[in-house]
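Look at the two complexes coming up: chain A is in both, with chain B in one and chain C in the other.
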Partner chain A sequence: MSHPHHAGLPAQAAAGAESGRGAGGLLRILGYPLALDRQYQPDTHMWVLPAGPGLVRIGMDALGIETSGTLAQLSFRAAGTGLAAGRPFGELEAAKFVGPLVSPVTGTLVTVNEAVAADPGLAEQDPFGAGWLIEAAVAGAAHDLPGLLADPDEITAWFAGKVEEYRLSGVIAQ
Partner chain B sequence: MAIRQLPVLPARASEPQISPDYVRISMASAIALRMRSGRFSRDFDFGGINLLLNYDEGCLSDCGYCGLARTRPGAYEDKSFIRVEWPLVRTDDLVDRMARHEATLTRLCISMVTHGHAYRDTCDITRRIAERVSTPLSILVAPPTLNRERLETFKALGVDMIGIGLDAVTEDLFRHIRTDVPAGGLKWEKYWEVVTDAREIFGPWKVNVHTLVGLGETDRDLIEIFLALRDRQIFSYLFCFNPEPDSRMADLAKSPLTRWRRVQLAKHLIESEGYDLSQFDFGPDGALARLRADQASVQAVVDQGVAFVTNGCPGEKGEPGCTRPYGSYRPSEPFRDYPFMPGPGDLAEIRQQIRLDEVLG
Partner chain C sequence: MSSRAWRLLADDGAGAAAGLGLDEALMAGYGRDARQRPPTLRLYTYRSHCALIGRYQNLEAEVDLDSCARTGTQVSRRPTGGGAIIMGAGQLGVALASTAPAGQRPREIIEELAAAVAAGLAGLGITAVFRGKNDLEVAGRKIAGLGLYVDDAGGMLFHASILADLDIPFMLQVLRIPAAKLAGKAATAVAERVTTVTRETSRPWSGAALRDAIAAGFATAFGATLEPAAPTADEQSRAAALAADRYGARSWLADRSLAADGSGSAVLTTPAGLARIYVTTHGDLVKNAIVVGDFNALPAALVELESALRWRRLDERSVAAAVARSGAAGALGVPAGQLTLAVLDAGRQADQRATAAPVRATGSCYFPDPDVPAPALNGA
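Up next, the complex of A and B:
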């Protein structure tokens, strides 16, 4: 393999020579953009960004989108639905894959991004921006939610390890 | 929520990206060869690589059910084939990838389209592949472009199996959907002439005829063609009609799952268990009404699951080689054919879908 294993390394080391700051303040890790201003659920690639008092915005990171394949459809539960961390709030369908969109938080679904529902390509083009999926009301501090990675070094090391894992398992093009 | 019509090609390049130097490949093939990112909903081995010739003019046929039909609205590069994008790739890059991943490949298949250069270019691409890769190779032929001599050339180039996309299983249906259409003209007789020549040249069980379920045929029509082909040692490969948006048959519904499962079972009983016509009873509408068979033995066949696996050319060791995952249904829909041996959960669903008690006893 041409890419060394990065899991467990601090952000700067994991990012290494193949990474750097891209447009919009995104870091590039082994070719994939990553935003460090938010929290991540490491099993599902969902990110969580505080969006106001008791409110978070939720999306899927670029690697989660990429490894699903070309998106065909995103569907969501209705606004007002209760959310439980680890339980689906919708479904993602790609060319050869279908799977649940799993909530990283417990709370209530407040808003669905109708633009991404109408054009799932938005999630591919701008996963950390216009391609967000839903907004949810949560109890407690939105910047320190249970079960999520919040430390930039931890996030970077986790993400780099995932890129490597996906390359080895053949789900990302190379 | 919206279902996207996936684009087939990126923006048109300044130079023509046409066969033989370019081909399209199925999305499943692109994922298997790591030319595209993505994965399958279920975890299974996949090594059946499908190529499709590509021309600016597209396919010159005009079949009512096909996404590539000549008079289907829209530019050719925006058309889809069996619903999803078929990425366009350089043929030499593809062959490199095949060589790199050869150990995981089970079957290769070149799909021709009806075009004046299709025969020439299929030979060219076959040579490029055969020089580098020894995985068994099939060609899904375009009969209007062929004759006996050309089939013999395919054989000499190393092609292992020939497929003929008859699709419509009766002459009337074929004429209605593929001949007497705006830019049609395909000939039923020509298709059968190629079936006969291919059978003689390639030998027993080296030819397959594609039969599409859901175009308006009856179960009796299908069972009769399965029997006729079996008696000539020719495989029938089942395909499930899947309406392509904007095609002339876009509004026709797919076959109900119960019918589809029973047709899968009937074909398996004919090809693998030696059933004959007297063991099938039909209603006045030609629908399968009763199987004259021992309930336990039929149940055992269902329980094996093989009947519901995708029909396709085999791998080198006889294993399913071309399994086309999600080829005629969306990943969010129930499986039509399984690109792997159905597991216990799948078999439980199949038993519910097939409602065997209604046609046995």
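Up next, the complex of A and C:
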């Protein structure tokens, strides 16, 4: 394992020589894209991006998708459904896995991304853009939601640590 | 997972719906809001025979229902992912019910549990390895299939089917596979890609006979002690209800994925003659791929390619990466680009067929279907 351990380092240091800015303003961390303009739920790899007053867009980062297995199908609860942080808002079917998509926020499901429901490959190709999953109405400040990582340095250190952890365990390719 | 004493359940001869009903009933006591308790490991066999398909597979496309009726083979649908399998006295079923570990990704969980199965096989002198996103293999041949299901409450069910032995001709009869196109070669082709404990140890094994070794593998891998137990009355009652209302219900068997399935093939001209690539698809994913040609022995690079293509998305970049990684183009003596195009051609054909006929012939988890048209279905 040749990568240095990045956990705890500030964003720029963690980005280091192996990382950098990619297309669309995404940072590349040890080969994986990462957007720093949003918040993250670290257990589920869900990201949350303010999308308007009281509105957030939700998706899954590239590591979360790859560690689920190749996506075969995504299905979502209907618009208008109440959401609770830590509770399902849909279901994911991957190669060997069937399980819930877990909401990072409490609120109400407003919109489902029909494009990603029709083509789950979008979530793999563009996890921070066209591959978003749902939009939700939330109470309070959409840029500072409870239980989410919001600080770019903290996000970068967490993400780099996860890449290394998954590589070491063989869950993702070296 | 907890290292305290786990419950160990053992039973034999389960019916298809009853077997799956008890597995799900065991999950009921687990989840993020449930009282913390150690996992339950069930090591069991099904009656000979049962055909079990994956959560989102299409029953009629995976299983020859007429053949099942003729042979008394029961059918049902698992809650877990993965492909169609035959279960009976020759296969050991593994069901592990627990609470999904917070913060662990599905692949981490599957890999950790696969390692426990591998540890059990190691006790029999068999070196099985987990191949990334696929299954447990011995020298490139599948010996156990794996699947994972997490419910909305955070309860988890891990499934494995371990091949103590396998009646390949029977499997070819019951699961929809390319017997028509490959004629007498089908059994050989399966045998080249699948192995069993019986084959690896050169002595006969039943599924039930593997139980102690696999239990020991879990105990070692998790530092757990296993305490023999029986299902509680509540679990038995829930299992009976699930067997009747879900796993034996027509609506559950008829369920299917929104993603269409298809099968296609392409011919590749190589210096050594013609090779044919068969691909079965689920949406735009490769469910299974196989390369057939006049090989004295199946080249390892082709086994690698078949494995690398499984559950890969059918786009040029992804397929080219699988081709490059496998070294299969070199083994076949063709440029990598030519092999990539052949795989994509087979995939395009599968996609067209899936679009034209949403209910299609397709492969099992052991073997893909050839380029034969989808069968007519009753009422379809």
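Assume the second predicted complex is superposed on the first by the 174 of 174 C-alpha atoms of A that agree within 3 Å, B and C clash if a C-alpha of one lies under 4 Å from a C-alpha of the other, contacts with A are read in each partner's own complex, and residues count from 1 in each chain.
In this section, contacts are C-beta pairs under 8 Å (C-beta built on N, C-alpha and C of every residue); 3 or more make two chains touch, one makes a residue touch a chain.
If you're wondering where the values come from, they're calculated on a predicted model, not measured in any experiment.
K.L.:
Under the superposition described at the top, does placing chain B and chain C together on chain A give a clash or a fit?
P.N.:
Chain B and chain C clash in the superposed model.
K.L.:
In the overlay, answer first, second, both or neither for which of chain B and chain C A:Asp153 touches.
P.N.:
neither
K.L.:
Is A:Ala94 in contact with chain B, with chain C, with both, or with neither (first, second, both, neither)?
P.N.:
So A:Ala94 meets both chain B and chain C here.
K.L.:
Please work out whether A:Pro42 is in contact with chain B alone, chain C alone, both, or neither, and reply first, second, both or neither.
P.N.:
The second partner, chain C, only.
K.L.:
Scan A:Pro120 for contacts with chain B and chain C and give back first, second, both or neither.
P.N.:
Both partners.
K.L.:
Which partner chains sit in contact with A:Gly64 here, chain B, chain C, both or neither? Use first/second/both/neither.
P.N.:
In the superposition, A:Gly64 touches chain C alone.
K.L.:
Touch test for A:Phe76: chain B only (first), chain C only (second), both, or neither?
P.N.:
In the superposition, A:Phe76 contacts chain B only.
K.L.:
Have a look at where A:Gln174 lands relative to chain B and chain C in the superposition and call it first, second, both or neither.
P.N.:
A:Gln174: touches chain B, not chain C.
K.L.:
Per the definitions at the top, what is the overlap between the chain A residues touching chain B and those touching chain C?
P.N.:
Chain A residues touching both partners: 66-70, 72-73, 75, 93-99, 119-121, 170-173.
K.L.:
Applying the document's contact rule, which stretches of chain A touch chain B when the two form their complex?
P.N.:
The touching residues are 66-76, 91, 93-99, 117-121, 170-174.
K.L.:
Which residues of chain B touch chain A once you look at their complex with the stated criterion?
P.N.:
The touching residues are 1-4, 6, 27-28, 30-31, 34-41, 84-85, 325-326, 330-332.
K.L.:
Quick one: which bits of chain C touch chain A in the complex? Just the residue numbers, please.
P.N.:
Touch residues, chain C against chain A: 32, 55-56, 79-82, 100, 102-103, 105-108, 110-111, 132-134, 146-152, 257-259, 282-285, 310-313, 315.
K.L.:
Quick one: which bits of chain A touch chain C in the complex? Just the residue numbers, please.
P.N.:
Its residues touching chain C are 42-43, 45, 64, 66-70, 72-73, 75, 86-88, 93-100, 119-121, 124, 166, 169-173.
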